[in-house]
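For reference, the structures are reproduced in the following blocks.
Each of the next two complexes has subunit A plus one more chain, namely subunit B in the first and subunit C in the second.
After this line comes the complex of A and B, so read on.
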C-alpha cells in the first residue's frame, strides 16, 4: 500500500515492560518492535497473558515501557511529562477498552463527548462531535440513553464512537468484539475498517481469527515476543474463477 | 459434493439448458467449486436415464432412444425440466441432513499427528507456519467479503454465505492450531516436570 511511504502513526521500538520486581517480576514484553501506518489496520493475536493488553496500553500512553521508545505521530511519548502525555493521548489516540468502560451515569452522547470536553472543546461543539460519531457507528437514535439501558452490542458501539470522536489518528481497540454475536462483531470490524480506510491507523487486539482477518497485517505475540506476522496477497490468487 | 442434487434443485426454479445450469450454479457459489461443462452434461444424461429430468420441449433432433454420442452432440440444445420423481428427490435432499459418516481425509490433521510422533520435527514452527498461512487465507476471504457489495440479489446472498462458510472453516483451523499449541506446551511442561517421561 502506498501509505507505507508516509511516517508511521505509531512506532514501538524494542519495548520491554516488566511488571513488579525481584522474584515476582513478570516480563510482559521482551523487545517488541511494532509499527502502524496511516490507513492501516493491524491485528495483534496471541494467547491469554502473551502481553497484548500491555502492548496496547503502552501504545496508547496509558502505561510506560520499562525500556524502549513509543512514538505517536513522531512524538516520543516516553520523553513527555505526564500532562503532555495525557494531552497527546486525548487528542490523537482513541482507545476501546477490553470491557466497554462507559460511565454509567452519563448518556451515550455524554460518554462520547467526554474526551472532547477534556480536550477543552466547548460543550455545544463536543456534543455535535459526539452525535456525528454516534451517527457513524449507526446509533444516533440512542444518543440520550444510558449504558444500562442498552444491549452489549450497542454499548460497544458507544465505546467505539468515543474512541473515534474528533478525528483521532490512532485507534486502539482491545477485544472490541468481546461477547458479541458473529454478525454484530462483524459490524464493529466494518466500523474500525472504515475508519482506517478513511486514514486513521488502527490496532486491534483479538483472539478471534475471523476478526483479525479484517486487518491488513496480523502480528502474533507469544510470551511478550512477536513471533510472526502475516500480510496479505492479492485477492485474485485466491479463487481461480473468482467472483470479483 | 453432489452435483446431481445441485442441478436438480436449480431445475426446481425453471427448466434450463446445460450451460445455464452451470452459470446459475457458479453465480450462487462464486466459482468456489468450478463445474466443467462435461460434468454437467454427463450428470444430466444420468438424471434423464433415472427418470428425474426430461427434455422440456420436444423440438430436438435426437429422439429419446438415440445413442449416447448423438445425444451428447445435441444436448446443448435441450432444455431440461424436473419430472415428478425429480421434484421428490429435491424435496428429500433439502429435508435430509448432510451426513459425514467417514471424516474426509485431512492432510493437516494427519501431518500434525505424524509430526508429534516422528522424532526431530519442530512442531512449534510447523504450527506457526500453518497458522500464518491459514490466517493469510482468512484475510483473503475477508477481503473478498468486503468487495462483495450489497445482497439485494438472491445469488449475491448465496455467494456471501458460501464465503462465510470458508471463513468459518479457516477460523476453525486456526483455533484448532492454537489449541494444539497450548496442549503441546502443557505436555512439554508436564513432561519435563515428570523427568522427561512420555
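After this line comes the complex of A and C, so read on.
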C-alpha cells in the first residue's frame, strides 16, 4: 500500500517544548524523535493534550522547540531566523488545518497562489501554478470562487492544493477531516495519500483510528512522549498496544 | 522566487488586494473609517474652497475693479507721497510721504496721470459716505459717483431695476438702502432731494446702504480716482504712477504679474507673511488635527486587524514574513485612506458649492466665481491618506507580532503590553510639563505660546503612551463594580489595541477643549476685571461735542422720541472751546494728586451741590461724606492715593485765546480714591466754590438715569445723531461678553461634544461587534437583553469617562500655562506702567464638568438606547 521511503524530508531529533516557566511550566513535548520520508504518510495519534498539534507547528517552523533539532529537507530550522523559517514555509512546507483554512477575502485560486505570491512570484505565474494544483485535487472549475461559496470538503481540497503548490514536499495536516462528514473526509485523505504516493512526505495528526489506516506508519504520542512507533505493524495492533 | 523579491512586488499587490476585498467584506466598518477620515478632509476642502472663492484678488473678476477699462488709478494718497505697491495693491501698499513742514498735499490730477500713460479715455470714480434723512434722524449711505453708462464703467455697478441716472438730481439705490425707506426720493442732510430712478448693486460689495449717481451729484471733493481705458497699462507705468503717489490696479499686470524680484523692497514683507510663528502655529495645528484623526480612525483599524488575525496567521503559515503581515494591515490604511481622501475632497467641493450662498450672506464682499485650488486640495487629500496609514500603523505592527500558533488554535494572540512605552510616556509627560512651564514663564514678553503649543502635543503623545496603563488600572479597580461595568472595564483592558486609540481620541478632544476653555475664560476674566463702568447700570449720558453745544435741543428731542425717560442735566465747568477753564486740584502740599481721568460726562470738573448720580466710583458712605463737603461749599476730588487731608488747593486757569488768568483758592475737601484706573472726572466743585473761583459753569451732559430699554436706547441714539453727528450717546450695559468669546465657547463645546460622541460611539460599537462571541456566551447563560444594553452603555462610559478624565488633566497643563502669556499685565502706555494683577486664571468648571461627567453619561445613555439588545448567535470565529 505504500511506496518505500527513500530520503528523509522531515527529521525531528529529541525535540522538547516547554510552555511557560517555573511552576507554571507545561511540557508539551518531551524528547520526541521521528522521521518522515518522501513518499510516506505518517499519522500522529494521541489523546487530547498529548502534544500532537505542537509537534506539527514545530515541524513547520511556526513554533520553535525548547531544545532538539528539526530538519526539513536537510536544513535545521532551529538555527534559522524568523524570515528564513517563513521562507521554508513558502517553499518546502504546506499546512492543512481542521477548518478556516482559507483567507475569506481571496478566491480559491488566489488562496492556492498565496505562498507563491508571498515568495514574490509574478501573479500570472502564481495563478498558473495554483490552477495546476487545483487540477490535481480535482476542483479546477472552482478556481474563482470565494471560500464562503464553497462546501467544507471543497475548502479542504483548496487547502490541500495550497499545501502542495509549487515544489513543496512536506504536507502537515492537523485533523484535516475534523469538520467534514465521513464520506468527504475519506476523499480528503485519499487525496493526501495520493500526494504522498506522488513523492511528498505527509504528516497527519488525527485521533481517529480509521484515518490512521491511510498512513504508512503511526507515531503514538502521550503526554509529550512517543509511546510507540511502527513502520510495519498493523495499525490496529499498534492502537491496542498504545492503549494498553 | 527569491525571498528578497517577496519584500517588494509580491507583498504589496497581494496586500492591497486583500485590503480591498476585506474593505468590501466588512462594509460597516469600512464606512465608519471612511467617514472618520473623509469628514475632516471634506471640512478642510470646504474651508479652502470657500476661501478661494471669496478671495477675488488678482485677475479674477477684475472687471469689478477696473470696469471695462484697462486700469483703476487711485491717487487718494495725495501728490506729495510716493507709494509702493504689490502687483495687486490689495495685497500690499506702502506709502512714503515726502511732504514735510506743512507743504500742501495737492490733489493729483488726471493730467498728471495722462503725462505718464499718454492721452487716453478715462472716467472719474469717486466714493464716499453721505448722510441722509431717515424717519427718526440720520443714516449713512455709501455713494459711488461715476459716469455709469460709459463703457469704461461696465461691471462696476449692476443695474437691477429701473434705468441709469441721466442727470445729477437722479440716483440709484441698493436693496439695503431701499429697505430703509427713501421711497421716491433720497433726502440728503443738506436738503438736496435726489430722485430714485432704479435699484442697483455694487459689483464688489453686498453690505451697507449704497447709492450710485453721476459725478457731481454729491459733494465728494476733487476727483482722485479714475478708470482709464486705451492700451494695457504696464508694470513700468504702474511704477511711474506709484512715484506720483497713485496706486494702480492694472488688468495687464494682474494677468501677468512681474516676478517677485522686481517688486519694490518696501512691499516685499507681504511675501513673507507665512513665515516664522505663523508657519509654526499652522504646523502645530496640522499635527494636532492629524493626531486627532489618527486616533479617531485607530479603533476601526485595530478591530479590522483583529478580524484579519486568522488571515494573517494563514499568511504566516503559508510562509508570509512579519513584514508581509504588517503590509496587509497597512494596505487597508492605504485603500481606505485613498478612498476617504477622494471622497472627502469630492464631498468638500459639493458642500462648498452648496453652502456658498449662505456664507456670502455673512460677507460684505461679493465672492468671485466658484474657485478651486487643486494644489491645496491635493495636500488635504494627502493628509487624509497619511492619517489613514498612520492609524493603521500600530495595529499593523501589533498584528505582525501576534502569536500565530495561538490564533491558528482559535485563541486570541494579543502580544504582551510593552513595558517601555509607559516609561517613555512618563518621560514625555515630564518634558511636556517642563515645556509648558518654560512657555508660561516667558510671560507677556512674547514667544511663550509656541513652546506651550508644542508641549500640548507632547503631553497628548505622552497621554497616548500612558493610556494603556490607566485602562489596566481601571480594569483592576472594576472588581467591585456591577457586572456590566466590570465586564466593560475588563474587556477594554483586554483589547487595548482598540480601546487605547478610542480613549486617546476622546482624551485629545477633551484636552483641546479644556486647554482652550481655560485660555478663553481666563482671557474673559481679565477683560471683565479690566472693564470700568462709566455710568450706573442701564443709565445713559448724552454729550454734545459741537463747538456750540445745545443740550436743550437734545433734551427736547429725547422727550419727543422717548417721553417716559427722565432727563437730568449734569453741570460742569466749561473746559473746551476758545474761552475755556482749566482746573488743577492739588493736595495740601501742593503736589499733583491724580494722573488721569476720563471726561465721560462732558467736563473735566463737574459742578453740583451733591455728587451727581451719573458719577460712579463712590460707595454710599463716601457719597454721604462727599455730599456733606459739597454742602459746605467745598470740593470733592479723586486722588491716586488715599489722602487724609481735609483741604485742597484748587487753581483755576481761564484761557481766552492766548490770554490766561489764574485764581487759586483753598477749599474744604473730600478725597476719594477711585476703584477704576481712571475716574470719570477730576472731581466735583460745589456751586459756591465754582463761583468763588470765577469758573464758567455750563451744562456738560444730559444724564438719563434709566433704566433704558434697548428700543428706547436705539431711538434716542438715532435722534441724537440726527441733531449733531458729533454728539455721543452712551448707554452703560455693564461688561458685555464679547460675541466672539461666546461663539468661541459654544463652538468649543459643540466641537468637543461631536468629536467625543463620534470617538466614543465608534469605539463602543466596534467593541460590541468584536465582543459578540462573549456577549453570546453571556446570553447563553441567561443574561437578559437589558444586560446587553447595560454592557454597551458601560463600555461607552468607560471609554468616555477614562478619556475625559485623562484629557482634562492633560489639557490643564497647556491651558494653565497659556494664561501666563495671555493674561499677563498689559503695559497700556508703553511707559513701563503695567496695570492690573499679574495673571488671571479662570477654569470654566461648568464646561469641564460637562465634558468630563456630562458627555460620557450622555454618550452612555445614547448607546444604551440604541444598542441592539438581541443578537444572532455567533460562532467563536468568523
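One rule holds in what follows: the second predicted complex is superposed on the first by the 224 of 244 C-alpha atoms of A that agree within 3 Å, B and C clash if a C-alpha of one lies under 4 Å from a C-alpha of the other, contacts with A are read in each partner's own complex, and residues count from 1 in each chain.
To be clear about the criterion, a contact is a pair of C-beta atoms (placed from the backbone, for glycine too) under 8 Å apart; a residue touches a chain by one contact, two chains touch by 3 or more.
Predicted, not measured: the structure shown is a model, and the values here were computed from it.
Once the two complexes are overlaid on the shared chain, A:7 sits clear of subunit B and of subunit C alike. Of the two partner chains placed by superposition, only subunit B is touched by A:209; subunit C is not. Between subunit B and subunit C, more residues of subunit A are touched by C.
By the touch criterion stated above, A:220 is placed in contact with subunit B alone, subunit C being left untouched.
When both complexes are overlaid on chain A, the residue A:25 reaches neither subunit B nor subunit C.
Subunit A uses no single residue to touch subunit B in one structure and subunit C in the other. Taken together, the subunit B residues at the contact with subunit A in this complex read 26, 30-32, 34, 128, 131-144, 146-148, 159, 167-168, 170-171, 174-175, 178, 181-182.
Looking at the complex, you find that subunit C touches subunit A at residues 1-11, 13-14, 17-18, 21-22, 25, 310-311, 314-322, 324, 404-405, 408-409, 877.
Across the complex, subunit B is touched by residues 47, 193, 208-210, 212-215, 218, 220, 227-233, 235, 237-244 of subunit A.
The residues of subunit A lying in touch with subunit C in their complex are 53, 57, 60, 62-63, 82-84, 86-91, 93, 95, 97, 100-106, 110, 114-115, 117-123, 162.
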